[in-house]
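Two complexes, one shared chain (subunit A), two partners (subunit B, subunit C).
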Partner chain A sequence: MLNQSTVGVGQKPRAWDRLSISTKQIVWAWTFLAVPILFFSVVRFYPTAEAFYLSLTDWDFLRPASFIGLENYRTLLADPLFWQVFRNTFTYLLIGTPISIVLSFVIAYYLDRIEFGHAFIRALYFLPFLTTAAAMAWVWRWFYQPPPIGIINSLLGMFGLPAQPFLRSVDQGLPAIMATAIWAGLGFQIIIFLAGLRAIPATYHEAARVDGLGEFAILRKITLPLLKPTTIFLVVFSSIGFLRIFDQVYNMTSNDPGGPLNTTKPLVLMIYQTAFSSYQMGYASAQTVVLFLILFAISMGQLWILRSR
Partner chain B sequence: MLHASTRGLFSSVKMLSAGALALGLLAAHPASAVEIEYWQYVFESRVKAMDELIKEFQAENPGITVKQVTFPYADYQTRVVAAKAAGKGPDVVQLFYGWLDNFVAGGLVQPLSKEKFPAATIEKDFFPIVSAMKRGNDYYGLPTAVRSMALFYNKNLFKAAGLDPNKPPQTLDELLKAAQATTKRDSAGNFQTAGIAFDIARQDHNWWREILVRQFGGAPYSADGTKVAYDSEAGRKALEFYTGLQTKEKVGREGFMDEGQAAFRGGLAAMVIDGTFRLASFNTISGFEWGVAELPAAADGTRSNYASYFANAIGGTAKGEKLEAAQKFLAFITSEKAMNVWLEKVGELPARKTVALSEKNLANPIYGPFIRGLNYAHTTLFVDEAAQRQISIDMVNSVLLQGTSASAALSAAAVKEQQLIDKRKAN
Partner chain C sequence: MTTAPASIVTAATKYRFRPGLIVAWTLLFIGGIIMVTPLIFMFSTSLKSAGQIYDLRLIPASPTLDNYIRVLSDGRFVRWFLNSSLIAVVVTVSCLFFDSLVAYTLAKFNFAGRKVIFLAILSTLMIPTEMLVIPWYLMSSKLGWLDSYWGIMFPGMMTAFGVFLMRQFFETVPNDFLEAARVDGLNEFQIWWKIAMPLVTPALSALAIFTFLGNWTAFFWPLIVTTDKDLYTLPVGLSSFAVEQSIQWEMIMTGAAIATIPTLLIFLFFQRYIVRGVMLGGVKG
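Right, the complex of A and B next:
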C-alpha cells in the first residue's frame, strides 16, 4: 500500500535508493579511490606504458618517433658502457645493502638497550635522513678532497698516512660514494629496526633468560626470527634505494658525472645522460625498461626468499 | 523622473568606463603591437644586459614588445625542445653554436633571410668563427659576443717565486718554467700550491684539442669536421705534454681543490687556463692581484685559441609580423651598440671585428689578450659537445689514472669519437 502510494506520488524510486547499504558503501569507497587511481593512471601508469612503447622507437625529442623494433635493446646489450654501469649498479646493491642492514641492526640493537641519551643519539642518527641528498653529497665531496682542504686526508696526514685520491680514483671512487649513501640511509633503517625491536614482547626475552639462554642465543632464536618482517621490508627498501642511486653519484662527481672513467656510474645516471644530454629518448627508454625489470625481479625474488613459510 | 535620470546617469558611467577601458587597452597595445619572446638561459649579468637592450629596442620600435624568458642552463635545451613540441617556441632564441645541427634538425630555428642578413656582409663584419652558424648557403644565427681563452696568472705567487709579475709566460717552455717555480709541496709530496690548475672537464679539453694539437703540428679534425685527425704523432705529443705536466713534471694535479678555477680563485694555483666567461667570477677576487696573458705559443711561435659563442637565432615557428619583429630584434642585438653594452655588462668580447679590435680594447690589460686570441682562434664543429668532451676527459683520465700509454688512449678516443660523429652525421 505504502509502497504503491509513494510510487503514485510521481517519483520512480531512484537507482541509488534501491541499493543496499553495503553496496552503497562500496560505491562510496570506489568514488574516493577513483581520485588516486585516476592520478596514478595519468602520471604513473600511462607514462610507464608509454616508456615501453618508446623503447621500441628512435625518438630523439626533435623528430617524430619511428618504430625500430628491438634495435635499442640490441644496441644496449652490445654497449660496453651498459655492462660497466650494470656491474657498478650491482656493486652498489650487493655491497651497500648488506652493510647498511647489518650496521643499522647493530646500532639499533645496542641503542635499544641504553636509557641515557637514547632519544638524543637516535635523533643524531636520524638527522642525515632529513637532509637533502644533494647538500649531503657536496659536504662529503669536500671531505674527500685531496690535501690541503680534504678533512679525511688531513686526518690521514696527521697519522703519517699517505693521502688517498678517493673520488679521483677508479678503485676508491665507488666505495667512497657508497659510504655516503649508506650513511644517508642509516637513520631511517635504525628507526625501523628500533620499532621492530620494541614490538617484541619483553616476556619472551624474560622467559628465555629464566630458561638459561645466553644473550647470543636469545638474539639468534628469538629476536632475529621475530624481526623478520622488519628485515624483509628494510632489505627490499634498501635494495631499491641502491638500485636507484643517483643523487650522491651525480653531485659528488658533477665535473665528470659517474667518473672517473665511468667507474662510479649507476644505471639511473646513464639513463639521465642518454635522455637529457644526448636526447636519445628511445634508447633511454630501453634502459629504463631494463632497470624496471631488474627492480621488479629483485623485489619479487627477495619477497620470495624471505617469505614466511 | 528621478528614477529615470539615475538610470541614465548609470548608463553613461558605464559607457564612460567602457570607453576608458578601451582607451587604456589601446594605450598599452598600440594598433600594430606585436609581442615577441626572447629566450636565453639564466645568468645574471646576461639577463640584465638583455633587459637593458630590450628597453632601448622598444624605445626605438614602439610597435614591438619583447618578453625575455629564461631557464636554468641545465634545463635550457630541454625547454626549447619541449616548447617546440608543444607548438610554443620562442621567436628569437639563444643557442650554443655546437647545438646548431640538433636545432636545425628539429626545426627549432629557421635560416636567416638573405635580404636582411646577406652572407657577404656577415663574413666581412664578424670574426671568421661565425661560419660555424652556416649550413650550406644559409646562416642560422649571429652572435652578440664571443668567448676565447687565455692564461690567468696570480701576480702575488709569481712575485713570491721570484718571477716578474709583469712578464707572464709567452711560450710553452716558459709556462713550464713558471709552473715549476711556483709549485710548492709539503714533505709528504702533497700540493700546497699548484703551478697550474688543471681541469679537463672545463677548458683543458679545448686547450688540448684546438691549441696543443695544432701547436705540435697537427689538426684535431679534417677541414670539414667529419673525420677525427688527432690520432697522429702531433696528437700524441700534445697529449704527452698535457698529461706530462701532471705525471712527469708534477706542477699540478687534476682535482686539486676540486676544480681548477677554485684552486686559482683560492690563491692556491699560480696559473689556470680559462675563458672570458670566468672574468666575472675572478673580478671579485680580493686576496691577490691577477693578470691575463695570451695562451703560450709553441717553440716555433705557433699560436692558437679556441673561441666559442652563443648565437641568436630566429625560432622555427616565427612567421608574419612576428618574424619581421624578430628580424628587427636580431639585427639590434647583434649591432655595434648592443655589443658594447654586452662587453661592458657581461664582459664578453664583441663578435664584430671593428668593435672588438678597437685600440681601446686591444690595449685593455684584461680584454686585450683574449681579443688578440680571436685573430687566430678555431671553433670545434661539435656534433654532441657533451659526448665529445666526455671522450677527451676519459682519454686523459685513462693516462692519468690507469697508466695507459698516450698513443693507446689517443687511438681509443679517436675510434670512439669517429663513431659518434659518423652516427650523428648519418641522421
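Right, the complex of A and C next:
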C-alpha cells in the first residue's frame, strides 16, 4: 500500500487527473495519516519498546546503559520498599474503588429521581472533578492540620473529640489522602451513573410496578443488571485512577514524599523518585513495566467479564 | 411502601412522588454542600489576612484582596498562568485538528491497512504515561527539549482517545454529503474541513473541553520536564510555591484559588457541553 501511495504522489503533478477515484482516495488517506503515523511511532511506539528495553539495563543517565537481563526485576522483588509500595497502591485501589462506586451509585440513584434543583445539585457534586488535583491537595492538607489551624480538627474539638494526627500518622495518612482522591473523582462517576440510569427505558419500571414489584425489587432485578456495563466501566476507570495516584500524594506529603515512613507511597511516586531523584533509570523502567502489567491485567479482566456476559 | 394503582403511573413519570423524596432531596443537598466545602473554604481563606485564618467563619470578618495582590505582584504566578494557558490552548488546537483528521480518514476512506492503523493507535491507550516518561525524558534531553514549552507539549499533541471519540461521530456523517461535495469539485481536505467538521461540532466541543482541562491540570510530566521556574505550569508552580510558603496557608489558598478559577469559569460557561461531553466520552470511552 505504501508503494502505491508514493508512486501516486510522484505522479501527482502530471498524472493526478488520470488516477481513478479510489486511487486518489488512497493517496489522500496516506497524506492525511503521514504526520500522525510519524507522531505515534516516535512518541508512543518507540518509547514503549524502549521502556521494556531499559528495564533490562543498568543505567544512571550519565554513563551508557549496560544490559543486565532480569537483574532489575530480581532486585525489585527482593526490595521490601517495593512490597510496601505495592501494598499501599492496592490499598488505595481496593478500598478507594468500592467506596467511590457505592457512594456515587447511591447519590446518582436518588439524584435521578429529583426534578427540583436537579442541575444545581448535580453541579455541586460535579465541581470537584474539574479542579486541579495539585491545588486541591493543598486545601485538603490544610484541612488535616493539627488544631487550631486544621478545620477538621477544630470541628472535632468543638464536639469534644480528641484531635487526630491525619497526615502525620502511619495509620491515618493513607486514608486521609484516599479521601481526597475519592472526593475529586466522585462527580465524574455520578454523571456516568446518571447517564446509565437515564438510558433505562421508563417502560421497564412501569411494567415492573404494574406487576407489583417494590422499589427495592426493581433496583435489584432491573436497574442493577441493566447498569452492569456502566458499573464495570467505572470500576475499571476508578481502579486505574487509584493505581496511578500521584498528584495528591506528592503534594500532601511534600516534606517527606510518600511518608510518614513510606506508608502513603504509591507505585508512581516510587517510580518518580527512583528515576528522577536517584537517577536509577533502568530500575525505574522495570517498575513502570510492573505498573503496565497490572493495568494490562485489569483491562483484560474487563474484556473477559464483558465477553462472558 | 404500598404499591400505587397503575392508573396514576403516566408515561411521563418514571418514578412516583413519595414523601421519601423530600428526605432524599435534603440529604443530597447537604451532601452537595459538603462536596463544595473545600472550594468555599479555599476562596474564603484567600480573602482573609494572616491573622484571621484560625477564624473559621465562612465570610471573612474583613475581606481583603491583599493576598491576591501579593501573589500576583510577585510575577511568577502571572508567568505560570500564561504558561499553562499557552500550553493548554496549543495542545487543544493540535488535538482537535489532528485527532479529527485521523478519525475522519479512518472512518470515511477505503484503503488497505486502515483497520491496522486504527487498532495500532487504539492500542496505545493500553500504555500508561508513566511508562513513557523515562524514554520521553531521554529523548527530550538528547534533542534539547528539556525546559521548553515544546518539551511540555509534545507528548499530548495527538491523542488516541480523541481519535477514538471522533471516529464514532464521523461514522454518522452521511456519505451522500461528502459525495455531493466531491461532485462540486471540493478536494478531500476541503470536504473534511468544510463539510464533515461542522457536522461533528458537539463532539469537537467535548474533545476541546476534555483536552484543555486535562492539560490545565496536568502535573506529572510538566514536573519532570521542567526545572526552570520560568517554564513551570500553574500546578507545578503552585506546588513549589506552597512548599516555600510552608505555613502561610492564606497565601497557599490564594494560589490554589488562582489555579481553580479558570476551570470553574469554563464550567459556568460550558456546563451543558461538559456534562454531555463526560457522558459521551465516558460511556463510549
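Keep in mind that, in the parts below, the second predicted complex is superposed on the first by the 265 of 309 C-alpha atoms of A that agree within 3 Å, B and C clash if a C-alpha of one lies under 4 Å from a C-alpha of the other, contacts with A are read in each partner's own complex, and residues count from 1 in each chain.
Basically, contacts are C-beta pairs under 8 Å (C-beta built on N, C-alpha and C of every residue); 3 or more make two chains touch, one makes a residue touch a chain.
Quick caveat: nothing in here was measured; it's all calculated off a predicted structure.
Judged by the touch definition given at the top, the superposed model places A:Ala78 against neither subunit B nor subunit C. With both structures placed on the common chain, the touch criterion links A:Leu186 to subunit C but leaves subunit B unconnected.
Number of subunit A residues touched is higher for C, counting subunit B against subunit C. With both structures placed on the common chain, the touch criterion links A:Ser278 to subunit B but leaves subunit C unconnected. Looking at the shared chain after the overlay, A:Ile305 reaches neither subunit B nor subunit C.
When the two complexes are overlaid on their common chain A, residue A:Ala15 makes contact with neither subunit B nor subunit C. Once the two complexes are overlaid on the shared chain, A:Phe116 sits against subunit C while remaining clear of subunit B. When the shared chain is aligned, subunit B comes close enough to touch A:Ala163, but subunit C does not.
When the shared chain is aligned, subunit C comes close enough to touch A:Asp247, but subunit B does not. By the touch criterion stated above, A:Pro146 is placed in contact with subunit B alone, subunit C being left untouched. In the superposition on the C-alpha atoms of chain A, the part of subunit A touched by subunit B in one complex and by subunit C in the other spans residues 61, 142, 145, 148-149, 255, 276.
Note for the complex: subunit B touches subunit A at residues 77-78, 81-82, 84-85, 102, 105-108, 186, 188, 190-192, 199-202, 253-259, 268, 384, 386-387, 390, 393-394, 397-398, 401-402, 427. Against subunit C, in their complex, subunit A makes its touches with residues 1, 22, 24-26, 28-30, 32-33, 35-37, 39-40, 43-48, 50-51, 54, 61, 107, 110-111, 113-114, 116-117, 119, 121-128, 130-136, 138-140, 142-143, 145, 148-149, 151, 154, 183, 186-188, 191-192, 195-196, 202-203, 205-206, 209-210, 212, 214-215, 230, 233, 237, 244, 246-247, 250-251, 254-255, 268, 271-272, 275-276, 281, 284-285, 288-289, 291-292, 295-296, 299. Within the complex formed with subunit A, the residues of subunit C that make contact are 1, 3-4, 6, 9, 11, 13-16, 21, 24-25, 27-29, 31-33, 35-36, 38-39, 41-42, 45, 53-54, 56, 98, 101-102, 104-105, 109-114, 117, 120-121, 124, 126-128, 130-139, 154-155, 157-158, 160, 188-189, 192, 213, 216-217, 219-220, 223-224, 234-236, 238-239, 242-243, 247, 249, 252-253, 255-256, 259-260, 263-264, 266-267, 271, 274-275, 278-279, 282-283.
Here subunit A touches subunit B in the complex through residues 60-63, 141-142, 145-149, 153, 157, 162-163, 165, 167-170, 255-256, 259-262, 273, 276-279, going by the rule given at the top.
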